[in-house]
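Next up: some structures, all given as structure tokens.
Next come two complexes built around chain A: one with chain B, the other with chain C.
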Partner chain A sequence: MQPEELQARISPKLGENLLGVEPFAGTAGRVRFRPAGALELFETVRDDLGFRHLSMVGAIDWVDHREVFYVVWSDDARQYALLSTDLAADAPHVESASGIWPSANWHEREAWEFVGVTFDHHPDLRHLLMPEGYAFHPLLRSFKLHEPEELEVKSRRV
Partner chain B sequence: MWINMGPQHPMTHGLWNLRVKIDGETVIDVDPEMGFLHRGIEKISEDRHYNEVITLMDRCCYVAGLAWEHLYILSAEDALHVKPPQRAEYLRVLCDEFQRIGSHIMWYAAFVQDIGLMSPFLYGMRDRDLILDLFQSYTGARLTYEYLRVGGVRSDLPPGFTARAREVLDWLDARFGEYDQLCLGSDIFRKRCDNLGILKASDCVAHGVTGPMLRSAGMKRDLRKDRPYSVYRQLDFDVAVAEGADVTARYLVRMEEMRQSVRILRQVLDWLDQNPGPVLAENLPRWLGAPYAPIGREGYLLKRNYPKGVGFSSVEEPHGEAQAYVVNEGGEHPYRVKFRSPVFANISAARQYLVGYHVADIPPIMGSVDVCVGEVDR
Partner chain C sequence: MTTPAAQTKPAPAASPPAGSVPVELPMAGAPAVPFIEIETLRSAQFIPAAKETLGDLIAEQGQAKVIRPVFNWAGRNSLFPLHWGLACCAIEFAAAFGARWDAERFGVVPRSSPRQCDLMIVNGTVTWKVAHKLITLYEQMPDPKWVIAMGNCATGGGPFRTAYSVVPGVDKLIPVDVYIAGCPPRPEAMLDGILRLENLIRERKE
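Then we have the complex of A and B:
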């Protein structure tokens, strides 16, 4: 499958929510879409294009915006495709893919806890690798490695 | 009632907690708790030089360090537009396949002990040591190798290595039959493994399960064949598949994979004997390629205007399908590194293959998943 074919098959469904398909290292292509068209795109990609396997969901903090990318695999085409969307830096959120691909569940929990992206209608959005109540998003650029987080430790001695 | 199996429990083989909801002896819900081993490898990578990330990869999975190095290197080379020489590619496959056998033997030893058979553990560890000896002879380490480099590998093989490696392969090839006799010939093993933890192919796909678990459900999917990386296209081997999707089927798949790895390794050793050559790409900037160059200010100054790029790679790691996504913004450190751990996805589907079985079935079922907590938590 080539980027042109992806474009031709997705654009009738998605319309202006599809921003373009570009070639991407050894995959069928990188589909860039608006978050408003997320669910439609996921359904099209899984049911019409045969990408039934969601491998990974990741998020990147670009400081002025955040990016969420999805890696999907088709057993028929024996190819990966990437889906990626840009979200506003303040209150970034996108529809959860876990209703379409159950495998998205944990990946989205991880992206939420590390990059602070909220996945709407996620069935179980809570901490995965960090302890409950952890208040930071460590993979944000503003979280500096060399500045230890400030935790107030009160001495038990009076 | 909810009970905790872990973080300190013989079943876990690492540090994680499986919360289990039981009704009598039957499992009615599970909730894996991960993160006890989280070291922030993705975050630390953002503050490391490209070659320094390799050190972290060994810590990602402590039984398959070289496979994870290979994953990262493929992605980093993609992002930095570097091509390694052919001999380095064969050396990487040599690492991968020995690592696959080592990892599967480690799995075998631990898993069979969980079921109640003691001696296979001893045989397994004895045989795995031979592979670690080989690793030590050309990487200098037994667990944390740091052998692969962006643009190739650190050093060539020592004299006499291929002959020694062939002896080890002959030895191992003769052992797999014995492993089978110990397990498949044992009534205890069959009673504790047959028809347990069934996860059908359609559920595997929906929940992102890959590797031996997916192949044990009859699905012929192996990235070495489907999306050949490195030099796998030139090598002759079969994909191990089994029917049944249960614990026994996963055992059969891993055993067959080890035999196929031996087959691959024989071809690789023949090729390495006949084709001497460089093992590191030439004309790499000093900060990136030179194996012994000190990493210091001088090295850092050379690369300010390196071309930007995004690298994506995926390899068939012993546990399944691992992926790496490396964003290079032209600086000396990766801007963002994201890894997909196969075990992460395999555990996330735990509800699908544990609910409905008995509490005593959990150790064999989770054993057959081959959990490596290092790569789940990263």
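Then we have the complex of A and C:
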């Protein structure tokens, strides 16, 4: 599957929420979309294009905005594809993919925990790797290395 | 049934070769300990027997001065550490109980339940996620109890001291008696730490 084919098959469903499909090494292409069309894109990609397996969800802090990307795999085409969307830096949020691919559940919890991206309608958005009540999103660029004492006060279980 | 190998094997010598010194075990010739004497040392009868034996001494010097060293002696020779591991130090911890270092000759026997333990060896990086579980385990151990911080991570966070997820030293959570340096410490260092702890217990007053 080529980027042109992805573009041709997705754009009728998504319209202006599809920002473009560009080639990406080792994959069928990198689909860039607006967060408003997230659920529609997920359903199209899973049901029409056959990418039935969600391999991972990740988030990146680019300081002026945040990017959430999804790596999906198609058993029919034997190919990966990347779906990525840019979110506003203040209060970034996107619809949860865990209703489409259940494996998104823990990945989204991790992305929320470390980069602070909220996933709307997530069934169970709580800490995965850090203790309950942890006060930071430690993979943000604005997170500084703390003095141990300061971190201790904020990390201790209440 | 005899195999060809057994047939060709020379018969064992009936007597030691000429010129060799006959070997005698140290206990050979000593009278065997009667079973009844071992029986009287069972725990139900130990305390009355000890009181009877030490009665004069206790009356002379007071109970604390006589009984306390006995308990310290018993305690420091039967330290039971909790059998758990947090990180790579646990590999050295396990090696110390293997055939080469054999920590059991010091009476150190790892137990799987904290309720049977009086020593917690914190062997690895303590994260904030595991911190409250560590405190729970420590609180489940009966008194008197001791803690050894094994390795740089448990002592002060080690290379992860400024990391967002790591407790900078387990003494932020529970009191520590002995610190062992190393990354990870060799089993000899762990045994040295245990022997230092035994010296601390020897001096214990109350």
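Following the convention adopted for this analysis, the second predicted complex is superposed on the first by the 145 of 158 C-alpha atoms of A that agree within 3 Å, B and C clash if a C-alpha of one lies under 4 Å from a C-alpha of the other, contacts with A are read in each partner's own complex, and residues count from 1 in each chain.
By definition in this document, a contact is a pair of C-beta atoms (placed from the backbone, for glycine too) under 8 Å apart; a residue touches a chain by one contact, two chains touch by 3 or more.
Keep in mind that what you see is a predicted model, and the values were worked out from it rather than measured.
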item	value
First (chain B), second (chain C), both or neither touched by A:Ala77	neither
Touching partner for A:Phe69 - first (chain B), second (chain C), both, neither	first
Touched partner set for A:Asn105, first chain B, second chain C, both or neither	first
Touched partner set for A:Ala36, first chain B, second chain C, both or neither	neither
Which superposed partner A:Phe136 touches (first chain B, second chain C, both, neither)	second
First, second, both or neither for A:Arg52, with chain B first and chain C second	first
Comparison of chain B and chain C by chain A residues contacted	B
First, second, both or neither for A:Leu19, with chain B first and chain C second	neither
Chain B versus chain C as contact partner of A:Ala89, first or second or both or neither	neither
On chain A, the residue positions that both chain B and chain C contact, one per complex	129-131, 138, 143, 145-146
Chain B to chain A touching residues, read off their complex	34-35, 38, 40, 42-44, 46-47, 78, 205-210, 219, 221, 226-227, 310-312, 314, 321, 323, 325, 327, 335-336, 338, 340, 344-345, 348-349, 377-378
Complex interface listing, chain A residues touching chain B	24-27, 52-56, 58, 60-61, 69, 71, 75, 78-80, 82, 101-103, 105-106, 114, 127-131, 138-139, 143, 145-146
Residues of chain A defined as touching chain C within the complex	129-131, 134, 136, 138, 143, 145-146, 148, 151-152, 155-157
In the complex, chain C residues that touch chain A	128-129, 131-132, 157, 161-162, 164-165, 167-169, 172
